[in-house]
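Two complexes come next, and they have one chain in common, chain A, joined by chain B in the first and chain C in the second.
Let's look at the complex of A and B:
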């Protein structure tokens, strides 16, 4: 029982990371139908930025706040300079730009901060004895903070989409860019906003995850793969779906690895992805995604 | 004399056919000349590029002509490579036979993955294929007894036949070069034939407007699965040659990075073109070499990324598109008008009208 609980908790901890990044992916995808493969590296780079700010004397929380702003700005910059000039039907070009960004940020971080893992200070106390005991399992503070941040961001996004004028414009642009443009919505600005949100979210994830993973250039790579899976499973245009799917993937994967000896740690990633395949066979647009209706 | 260029010739004319007929002999001459022009290690590099080009030819059928992004082609490449490696080192098969089995396995695997891919597109399909690409190295690690696991599989060789031309170290390199050339030529011809036929038109129709194509009678399930199968089979064949070329296989050689390289190669070479993948194979092999000579360590990665971005902006249609633009400065080929439907070709009265139409638009 204790072990089960511990495994579920660990699954949720990982799942929160997947869900967080998936949320960022969804923010970009809703607008432009581009899967931003550089999302993880953008987050990782921001993590290093926060590290440097912290080293320069800013307290951790302030460093993270500044990083989130810088990240959001970077996101807009990327959209304006690299994505938008390519036009609307340039899927492969955008894919290549994302891959190139991936390489530049990854190698760039390696050049600037070196290849060795760096320790990152946690926001909340995380010594071995800092935990909330729950039925014999240990809830640690930092993952709880991550989960809380995730739910807060999700709530804010929901409020943005649901209750504000700009959110309405974003939903319109996502569901029908042509009509949105005819209605006077600046669709390209909406897309830039999507990139801004995504990059900002990424910039928030990395510093919160870094204390447990340490800062390395490859810290986000596996998380991004799971995040892609989560975004797909939830349906690429559903923020709530992405978060829920992220959490479920984390838990399912951890339980499978723990209880099915054949799976072990080698195949735990694979099995999680096979589950995803099966779900997509039944529901091609994910669990909460919108089906596209097509006219000929 | 002022306007000699561009030279305007019409499709199907004698000049056009002569120009086209010159291409194959030129390629053959180039292929035969290369081993004499390059040193052994350079020939090895060219061989490697040719192998990558073959894989890109396969990917291009699915993702270029077919418009379905695959993030899992490294898995097929790896499956072909491991099939050859395991069969030749562990079970004493001869190499060509192992290539054949590798291709068969990849075709079957490709068609199996083609099934869930039927209903998916865009990002969803990308992730399903990504799944395959991610799982493959894990499987290789898991079935250590067969594949050697993370430690790798050593000693894969394709000994050259006993001909003086292929003797010694230099000769062995020439032998592998010709194997790679043959495999690339075969794959290229397969894709070329497929695209010129009924299936090829169906593939393009499905890419451009799926619903309309189905309404017109295209059998989506058949065409998509076959495309996936052929594409995967070609990637597997390339993988087999890769195995005998490098001799050592590790699961990391077939990770996501390889798929991404193949995709970069496809786009930079010119997607949905026949010669694009060949250029792409060379680009993706040699650009990282040049960037790592220009910058040490991680700086090379930054340079590589910057080169990719620049190329996307400068040559949005890839190398082939760029070359076509240059060629149009010198030679313009005017397409032949198709016969107008429902109108008889020779009419005494309507004749003047139709000639008028013919002369309206040149260029």
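Let's look at the complex of A and C:
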């Protein structure tokens, strides 16, 4: 029982990372139907940025805050200079740009900060004895913070979409870009805003994850694969779906690794993706994706 | 002075022009119909007016040259466009569709105007929390028109509003367009393939043939013209 709980908790901890990155993927995908493969590297780069700011004397929380702002600006910059000029219906060009961005950021971070893993300070105490005991299992503070941050961001996004005029414009543009333009909505700005949100979210994830993974140029690679899976499972345009799918994948994968002997830790990624495949065969639009509602 | 005036407008997609020197005008408060066969360029003409496709020549609305403006900057000048077919924003509720229609407005009367549309079209009121994509074809067309009018335009462009509707619904639709025109004073430029009803509410009509347009004629004259009847009215 204790072991089960511990495995679920660990699954949730990992799933929160998947869900967080998936949320960022969804922010871009909703507007433009582009899956930003460089999302993980953008986040990683921001992690290093936060490290340098912290080294320069900023307290870790302030360093993270500045990084989130810088990341958001960087997202707008990427959209304006690399994505927007390609025009509409440029799916393959955007895919190539994303791969290029992936490689540039990866190599860039390696050049600037070197190839060795760097330690990143945690926001909350993370010594071995810092935990909340729950039925014999251990809830650690930093993963709890990550989960809380995830749910907060999700709540803020929901409120943005639901209750604000700019959110209405974002939903309109996502559903029917041309009709949106005819209503006076500047769709290209909405898309830039999507990139801004995504990059800002990525910039928040990396420094919160880094204390447990250490800072390396490959820290986000595995997470991004899971995040893509979570975003797809969640339906690609549903923030809540992405988060729930991320958490579910984390838990399912961890339970499979723990209880199915031949899976172990080597095969767990593959098995998690097979589960995803099976779900998508039953529900092609994902668990929470918008089924195209159209009557003719 | 005309509310809208096009002078030798060329427009099209990428390499090829679809419209070759269009001259056309709509006066304030007037209903004008454009008749044309499939592929004549009717939809492109409306898209050129509202800025969705690039155009050359001169498009003057309300005394100002809007030829160089993109679509999203034109609606706030008082020109609304109901696109062909799936004009509704399918994933949004009926209510959000209307709210999005008022995107350029910042006055306090938006809620009141939405209520007014629910009275005009009770079906929309009943289904205000449903996704627009689930409405019937007729309801979606009503919603698209109501949404466009939420921006309080002075000119409404309608692209084949009767497409896919039953004869009865088409009649109802043109009845409400006529009411919009007489009660709100909104000028309407409507493009139609089957134009009997459109000619009945219009003052004037243009014939568009493979990207060129002839000078307008009174609607009654067009409706009585044997050649027009054979080509566009189907009787």
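The definition used in the following text is that the second predicted complex is superposed on the first by the 292 of 296 C-alpha atoms of A that agree within 3 Å, B and C clash if a C-alpha of one lies under 4 Å from a C-alpha of the other, contacts with A are read in each partner's own complex, and residues count from 1 in each chain.
The definition used in the following text is that contacts are C-beta pairs under 8 Å (C-beta built on N, C-alpha and C of every residue); 3 or more make two chains touch, one makes a residue touch a chain.
These numbers were taken from a predicted model, which means no experiment stands behind them.
Novice: Hey, is it chain B or chain C that touches more of chain A?
Specialist: B
Novice: Under the stated touch criterion, which partner chain does A:134 make contact with: chain B (first), chain C (second), both, or neither?
Specialist: A:134 contacts neither chain B nor chain C.
Novice: Is A:165 in contact with chain B, with chain C, with both, or with neither (first, second, both, neither)?
Specialist: Second partner only, chain C.
Novice: Quick check for you: in the superposed arrangement, does A:178 touch first (chain B), second (chain C), both or neither?
Specialist: In the superposition, A:178 touches chain C alone.
Novice: Where does A:186 make contact in the superposed view: on chain B (first), on chain C (second), on both, or on neither?
Specialist: A:186: touches chain C, not chain B.
Novice: After the superposition on A, what does A:92 contact: first (chain B), second (chain C), both or neither?
Specialist: In the superposition, A:92 contacts chain B only.
Novice: So, does A:290 touch the first partner chain B, the second partner chain C, both, or neither?
Specialist: second
Novice: Check whether A:225 is in contact with chain B, with chain C, with both or with neither, and answer first, second, both or neither.
Specialist: In the superposed model, A:225 contacts chain B only, not chain C.
Novice: By the touch definition above, which chain A residues appear in both interfaces, chain B in one complex and chain C in the other?
Specialist: Of chain A, residues 294-296 contact chain B in one complex and chain C in the other.
Novice: Under the touch definition given earlier, write down the residues of chain C that touch chain A in their complex.
Specialist: Those residues of chain C that touch chain A are 50, 52, 70-73, 75-76, 80-81, 83, 86-92, 96, 99-101, 103-104, 131, 133-137, 140, 147-148, 151, 164.
Novice: Once bound in the complex, which stretches of chain A touch chain C?
Specialist: So the residues of chain A touching chain C come out as 165, 168-169, 171-172, 174-176, 178-187, 290, 292-296.
Novice: In the complex of these two chains, what residues of chain B are touching chain A?
Specialist: For chain B paired with chain A, touching residues are 63, 69, 116, 119-120, 122-124, 126-128, 130-131, 134-135, 138-139, 141-142, 209-212, 215, 260, 263-264, 266-268, 271, 297-302, 304-306, 308-309, 312-313, 316.
Novice: What residues of chain A sit close enough to touch chain B in their complex?
Specialist: 29, 33, 35, 82, 85-86, 90-93, 95-97, 99-104, 106-108, 110-111, 115, 225, 228-229, 232, 236, 264, 266-267, 269-270, 273-274, 276-277, 280-281, 284-286, 294-296
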